[in-house]
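Chain nomenclature is as follows: A, B, C, D and E, assigned in order of appearance, with residue numbering initiated at 1 for each chain independently.
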Amino acid sequence: AQSDRDTGGDPNETQPLIFAGTGDPRSLDPALANDGETFRVTRQVMETLLVHESGGSEIQGGLAESWEQSEDGTEWTFHLREGVTFHDGEPLNAEAVCANFDRWFNFTGDYQSSNQTYYWQNVFGGFAENEDEDLPESIYESCTAEDELTPVITLTESSASFPGGFTLSSFGIMSPASIEAVADQEVGGEEGAPVLPEYSQQAGDIAGTGPYTYGEWDHDAQEVTLERNDDYWGEPASVKTVIIKTISEESARRQALEAGDVHGYDLVAPADVEPLKEAGFQVPQRDVFNVLYMAYNQEASEELEDPDVRKALAHAVDRQRIVDTILPEGGQVATQFIPDTVEGWSSDVATYDHDPDRAKELLEEAGQEDLTIDFCYPTEVTRPYMPAPKDIFDIIQADLKEAGVTVEADSKPWDEYIPHTDSGNCSLYLLGWTGDFNEAYNFLGTWFASYDSAWGFRDDEVFEAMEAVASEPDPEARVALYEDANETIMDYLPGLPISHSPPSIVFSPDVNPPNASPLTQERFQEASFK
Amino acid sequence: MLRFIVRRVLQAVPTLFGLSILLFIWVRSLPGGPAYALLPENATAEQRDALRRAMGLDDPVIVQYGAFLGRLAQGDLGESLQTGRPVLTEFAMKFPATVELAVMAMLIAVAVGVPLGYVAARRRGGPLDALVVGGSLVGICTPVFFLAFVLKLLLAEQMGIFPSAFRQTPGIDATRITGLFVVDGIATREWDAAWDALMHLVLPGLALSSIPLAVIVRMTRAGVIEVLGEDYVRTAEAKGLHRRTVRGRHVLRNAMLPVVTAIGLLSGSLLAGAVLTESVFAFGGIGQFIYSATQTRDYPVLLGFILIIAAIYVAINLLVDISYSLLDPRVRVS
Amino acid sequence: MAARTERIDRLAELTAARREEAEGRGVWREAFARMSRNPMAITGAAVVAVFIVVAVLGDLIAPYGPTEQNWGDEVFPNRNVFVGPRAENWLGLDNLGRDQFSRMVIGARQTLMVGVVAAGLGFTAGALLGGLSGAAHTLGGATGRRVDAVLMRFVDMMLALPALLLAVSIAALLGQGLVTVMVAVGTAQVPIFARLLRGAMIAQGGRDYVLAARALGARRRRIALAHILPNSMGPILVQLTLSLATAIIDAAALSYLGLGNPDPSVPEWGTMLADAQRFLSGAPQLAVYPALAIIVTALGFTLMGEALRESLDPRLRK
Amino acid sequence: MSLLEIKDLKVHFPIKSGVLVDRTVGHVYAVDGVSLEVEAGTTYGLVGESGCGKTTLGRAVLRLVPVTGGEVWINGVDLAHLPEEEMRRSRRQAQMVFQDPLGSLDPRQNIESLLMEGLEVHGVGAGRSERRRQVLDALDAVGLPERALNRYPHEFSGGQRQRIGIARALVLAPDLIICDEPVSALDVSIQAQVLNLLEELQRERGLTYLMIAHDLAVVRHVSDTVGVMYLGALVEEAGSDALYTDPRHPYTRALVSAVPVPDPVVEDTRERILLPGDLPSPADPPPGCRFHTRCPWRQEERCATERPELRTVGEGHRVACHYAEEIAAGEITPKGVVGPR
Amino acid sequence: MLAGPLLAVHDLAVTFTQRRRRDVRAVDGISFSLDEGSVVGLVGESGCGKSVTSLALMGLLPTRGVRVSGRALFRPNGGNTEVDLLALPNRRMRDLRGRELAMVFQDPLSSLNPVVPIGRQVTEILVRHRGLKGAAARSAAAELLERVGIPDPRRRLSEYPHELSGGMRQRALIAMAVACRPRLMIADEPTTALDVTIQAQILELLKELVTEEGTALLMITHDLGVVAGLCDEINVLYAGRVVEGAPRHELFRAPTHPYTSGLLESIPRLDAPREEPLTPIRGTVNDAIEWDDGCAFAPRCDNYAEDCLGGPPDMRAERTGHRFRCVHPVRGRAPEPTLPQGEDA
């Protein structure tokens, strides 16, 4: 259907690039969102101080050319690029940056709901004035303009979330004029039913600095149109118009691509990768940036308190087969709880190869030849790190059976699964995480820093290893500590890391695809029509 | 007539009211909840609790229901937790797609079903009859989503005749007025946009029409068979009327009476959201939205949408009754 | 004298030849007799019979266990490596290296169970509701009519929700599981049965034989249970047959929406079909087998239901 | 002594309508003040046009429709005011034969259980064999063989079905049988068989019949006394011979003159009174004499305003017409009467 | 200068063929004729083939599963050309129906289309056959309604069948039948569903129309009383054949076939003393045997003798115009019972 409208000339100028996401974006203001579909759109328009390198996971300068941190890690000084202007013509300067941070810090009312400002809370804690007693004190203190192009952000304490946190799409910088214009548009609605402000629902109200500007958000047709910013500070985009559509159904996305209705889509089902490639589509490979693990909850089953049992189960699972048959190309067996693209990955961790005999032996030693254990897995869901939970469960179940372990299946839909596993109802369960930014703490911190009912163990060695990382303000120094922590964790084996899975993205043959990013942060300015 | 309408509308009030209570209890007793569906895996327990509180989900159900009714009285159905937009806005955005789709499916079903049913009845017992009846039964027995896939595979991917997804080609220059893309295109004389939207309706329309088509074929057939045996058809024949007069005025007009009811009821269920078809064709109507609302436990959307749908359903039933009474003078309401 | 008797015998013979003798057969037996001449019914019954046999004897027929990943190292769905039909696996392997034929055969039982339990549930609850309402309406006087009105409002409420939506709602409420699917699909059928039975009972309630029973002095309960109810069963029995088909299809739809039976150890056609959608591009056969099985089985039940309807329908008789 | 005595019986069916709750907006005056007596062992015939309330009257006697007013005395008991349960038990005394022989038989019951039912609900007869004997007796009385017992209603011809219906009424050995158009659905030859059977049973068992029919010839043939109904009321009552030879009410005259006789000689000479128009709606009966809208002898004023009482004009002859005598005497001439042809 | 009867039916036979069932011979060789302007009656009990005969003549039998044989010669426009109604192509039949041949059915309610106003149902035939249009057709329709005695015809035009009383409906049907002044009108039990007083009105109307318009009438009924007053000639049908045919006075004076006389004796007559017993024919029409085996009436016949079973009895004519199909006709009235009474014997 596409080619009908080819009227000759440069397709980049005449033809929109249509890309299918899996859901509608939530807001055009990334500060009010926490989902990838929103960020896919906003990232093209609203740029952050720091970014991950194109197609990789190394942290680089974004709007800030360079940055420094103070010794104690509480002061972050950024050196902004020169000559950057917002889409509304205003210049990018330190004041503009600070205006953004101050705006977020001073959010009130329903903006303080974690549904709206999840990432701010995740990285900075609370707000200037917390309205909910459960919100922690904010670690954000202030932002000052040291000079025209040098904003300094001061924290009350150092955090392992930085500098990575500054790459978060949520912290895309908006023009001061926009901030002023939307200042009076509070999150509306009654208590318990916040309505997102109008500016976040329609194009035209907010300006960023990115290679694209918001063209239109057609809610009826479920499409967001991005128009090229010809005054972009960097290399301008090739394609004039990018349209991001919603196709929530996996196979519908594939069929739309095959029928030529879209030029690309994200989250390709692993089983579709090969056939698509054979049909001439391009499936650029992303590096892995996530982890799937099978957690052992030692409070749910005391048998798991025995390290031999934990190890036996690890030996029983044929993780290679999962990678070979279920994950898309580029998937890896996980040796630890972070992928090797994250700094702090250790090559010296203890490994547990697939060895059913060894598993049986260990179980025998532990006196658990007839172990019966419950195993939870989620339904109605595929996550980037876990494309087919049921199939993975099936394989593990068969493996465990081979080692003499009987599994009692317990499945829940996603929204029930999380509280179910969090509160320690499952002895074994599948879960994982896709990193927000390149910092091992973003993975390990939530799991192993202290006692967690989701894991149900207390191990001082592990907790201390994590504490050591958290209190080290120097990012470089942290790397070595992470390696130690990973080794400690894998010795203790609180759960079995299974795999790292690259979520696939696909493009039609007539497109030069953008660099595939392990953090799924593709930049459409890199794409063009052949 | 007016009295009849008023009566029916008033009768619907307790039904809808009862339904709202049931729905409310149902929706609130769903396990899990938006706090878990909306936040990422790594969110802390505190964050989830805070969100629950912020959404007012910690209050007793009766208090929540009271608040809901209070807002409902002002015509406010709350806001979607998923998208942060008012439920009514959300409905207004999704409903036109569903309407377009339902109308298309119904048009196909009627335009194809009635003639087929008539022919089958006329050739009752013959091979054509068996084919039509058998085909309609197969239509009923095929899971809609599977049919949709097959249609897409053949007509969109293999032959490329129709587009495989969306309501309109992305980026097409179209003005939105009503949200019904075809209507908008015609109203604004953007003929290519209208045509484009129409072409996008064909496949989902076909897929969705399979069940109504089968029902209409069979009802028409049964109706025509019955009417053909009626004395008044014999009277008409005895008057030597032309075949088409007999067929149109005497046979079909009467045989269509039950079909009209069926069309109404079928439209009701089509409008309620063709969950499967919409998701297979990325059509973005209310069915798909309700489905995703069940996944994210978007309570206000579930409650609001289903109530609106029930109201629409009741309204359609009323329309059916009214049109029935227009078509059949015997049941004409005073 | 003898001649006369002979003449009479001969006459009786000739008379008998003209009549179609039907000795002591009730309405139902007549209906079944008619059905047994109907090719539609025969086809339907044959399909259903095969289906039931397979469902019951599945374990004996299936050469392998349905969950044994015996050939797990031969199938790589992510690399588009599937194994099609071959001597040891008649229908090939599924995505985890299990024997597809065995899974289909054993899946029949689950599918049958879903159909039977769901339709049975809808039938029972619907018949109870409809029967109560119908009996109240026909025999209960003014109070009865009020009871009926209240019950019918309730049914209206259920009817105001489209079936699939109702099923999705219930599935969401109950959490996933085989029971959920059956309850969800069954509940969606309740209002249909209730309406049908009530309608039939009200129609029958106006018939003369009900009046005759009252004139005899029979009690209301007896009239409702012994006369009205049995005569009103036709439509809902037809619906029951059709519901078996609908239930199987609806269960597949629920599975497709991810609300199906999540227990992977027991295969079920709907779930298999839904799961196979993922491999549609690489291994369409995985979807085609269960889809065909569902269509054919549903068709079998539908044909039987339609034939039953026809044979019970006085207008279509003759 | 009269077995059945009906006094001023009224059955009004409410017509309901309303916006939210139904209100009664009017009534169908199906039976509106009928008084009559039926002597034990005789047949009282009731004729009238369709919709005049014959069936309703018959049903009201058994309280199968709600009685609005009046009394129904059978064997010294006023059925119209009996409590429900007692009424149910009293139904044994009076049974009914219906017009539609097939419709009044439960299609799923075989003849045995059909005939047994009455005995069972009233607990008649000690044990099954005794009941079976009574059933066989009734079956024999209507001329059906024993092997009919395990057959089903649809396997019989119309006449046989009506016999079954009569047998069902007979098993309970009632005093009164209300026959609501027992033969109008039957072919003439069968009709005669059933009529003969009814007469025979009356002779043998001393039954009393309330015979409802629209066919004047049939009613007259079987009845001792005939009542003519028009719009819910009796307009004339007389011995069955008198009714034909000496009809007093204009409506009866018209009725008698309209019945075709299978004899060309009679037909060619018969005087015909053609009534104009149709039966008015019983929901909105005309004031005064209900028949005045169609009456060829209608007089100004009185007929349209004053409702005539049923009054005795001769031995066992009652009529509800203000001008019965004047008409008989030829003092009033009719309009629109077609003479002999 | 007439070339013969208006309609002459020779050996009309209609067989219904059904899958997996034996064929049903509904009409088994009926012959009769009908002169212009005359009234001929067909009487018989239910199921003897009266309606099937009339439908066959009108060409209204279903096209499948029916075998029709014989000839029905009709002279359209009263001219000398004869057409065989049974062999005429459907299109030509359509032209004849409603214009030359009209029919009135038994149940006036079900014979009118419930969802089309009366006026429309009357005008459509005028539009079809008389080429009238619009207002002309409407006023012609109103005239017709007036003609058949419907008061206030203009208002009635826009009413629906259910708003009319039974008598009015039958009048409306008759209005449609006479709309084009047909040569022949077939009335299939036109008064059976009506009350006697209304029946009298309708019969009067039919008589009037026949006399005034010169239309021939084929009157089908089971009521001997009706034919006695109306018909010039009467044919009695039994099991698909004419068993007796005669002018009406002749038939009632001297019924010759035992069936005819049986019928006459089983109806209660208003003019006879009421004590006079009814003599029913025993059994039912279902007891009829195949004509090929002998007289179909034999099992119910009081005059039954062995030779009744020697194949179909021939039609005999004793006196002019009086024919009957019987081996042992009634002579006088002294039936001698040969079989036990009761129909289930």
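We adopt the following convention: a contact is a pair of C-beta atoms (placed from the backbone, for glycine too) under 8 Å apart; a residue touches a chain by one contact, two chains touch by 3 or more.
These are the chains along with the protein names UniProt gives them: B, C = ABC transporter permease; D = ATP-binding cassette domain-containing protein; E = ABC transporter ATP-binding protein.
Quick caveat, the model's predicted, so the values are computed rather than measured.
Participant: Starting at subunit D, how many touching-chain steps does it take at least to reach subunit E?
Facilitator: Contact-graph shortest path, subunit D to subunit E, evaluates to 1.
Participant: Can you check which chain pair, C-D or B-C, has more C-beta pairs in contact?
Facilitator: B-C
Participant: Distance from the CA centroid of subunit C (ABC transporter permease) to that of subunit E, rounded to the nearest Å?
Facilitator: The computed centroid separation for subunit C (ABC transporter permease) versus subunit E comes out at 49 Å.
Participant: Need the CA-centroid distance for the pair subunit B (ABC transporter permease) / subunit D, whole Å please.
Facilitator: 54
Participant: Compute the distance, rounded to whole Å, between the mean C-alpha positions of subunit B (ABC transporter permease) and subunit E.
Facilitator: 53
Participant: Please report how many Å separate the Cα centroid of subunit A from that of subunit B (ABC transporter permease), as a whole number.
Facilitator: 38
Participant: Could you list which residues of subunit E touch at least two other chains?
Facilitator: Subunit E, residues with two or more chain partners: 286.
Participant: Of all the residues in subunit C (ABC transporter permease), which ones touch at least 2 other chains?
Facilitator: Those would be 172, 175, 258, 277, 280.
Participant: For subunit D, jot down the residues that touch at least 2 other chains.
Facilitator: Nothing qualifies.
Participant: Can you list the subunit C (ABC transporter permease) residues touching subunit A in their complex?
Facilitator: Checking each residue of subunit C (ABC transporter permease) against subunit A gives 67-69, 72-73, 75-80, 95-96, 172, 175-176, 258-259, 262-265, 275, 277-283.
Participant: In their shared complex, at which residues does subunit E touch subunit C (ABC transporter permease)?
Facilitator: 20, 286-290, 293-294, 298-299, 304, 306, 309, 338-339
Participant: If you look only at subunit E, which of its residues touch subunit B (ABC transporter permease) in the complex?
Facilitator: 19, 55, 58, 60, 64, 93-99, 102-103, 105-107, 110-116, 120, 124-125, 128-129, 160, 162-163, 173, 176
Participant: Please output the residues of subunit C (ABC transporter permease) touching subunit E within their complex, sorted ascending.
Facilitator: It comes out as residues 3-4, 7-8, 10-12, 14-15, 17-19, 37.
Participant: Contact residues on subunit A for subunit B (ABC transporter permease) in the complex?
Facilitator: Subunit A reaches subunit B (ABC transporter permease) through residues 1, 5, 16, 18, 20, 23-24, 26-27, 32, 34, 110, 113-116, 118, 121-122, 132, 134-136, 187, 189-196, 200-201, 218-223, 225, 241, 243, 245-249, 251-253, 255-256, 258-262, 380, 383, 412-419, 422, 431-433, 446.
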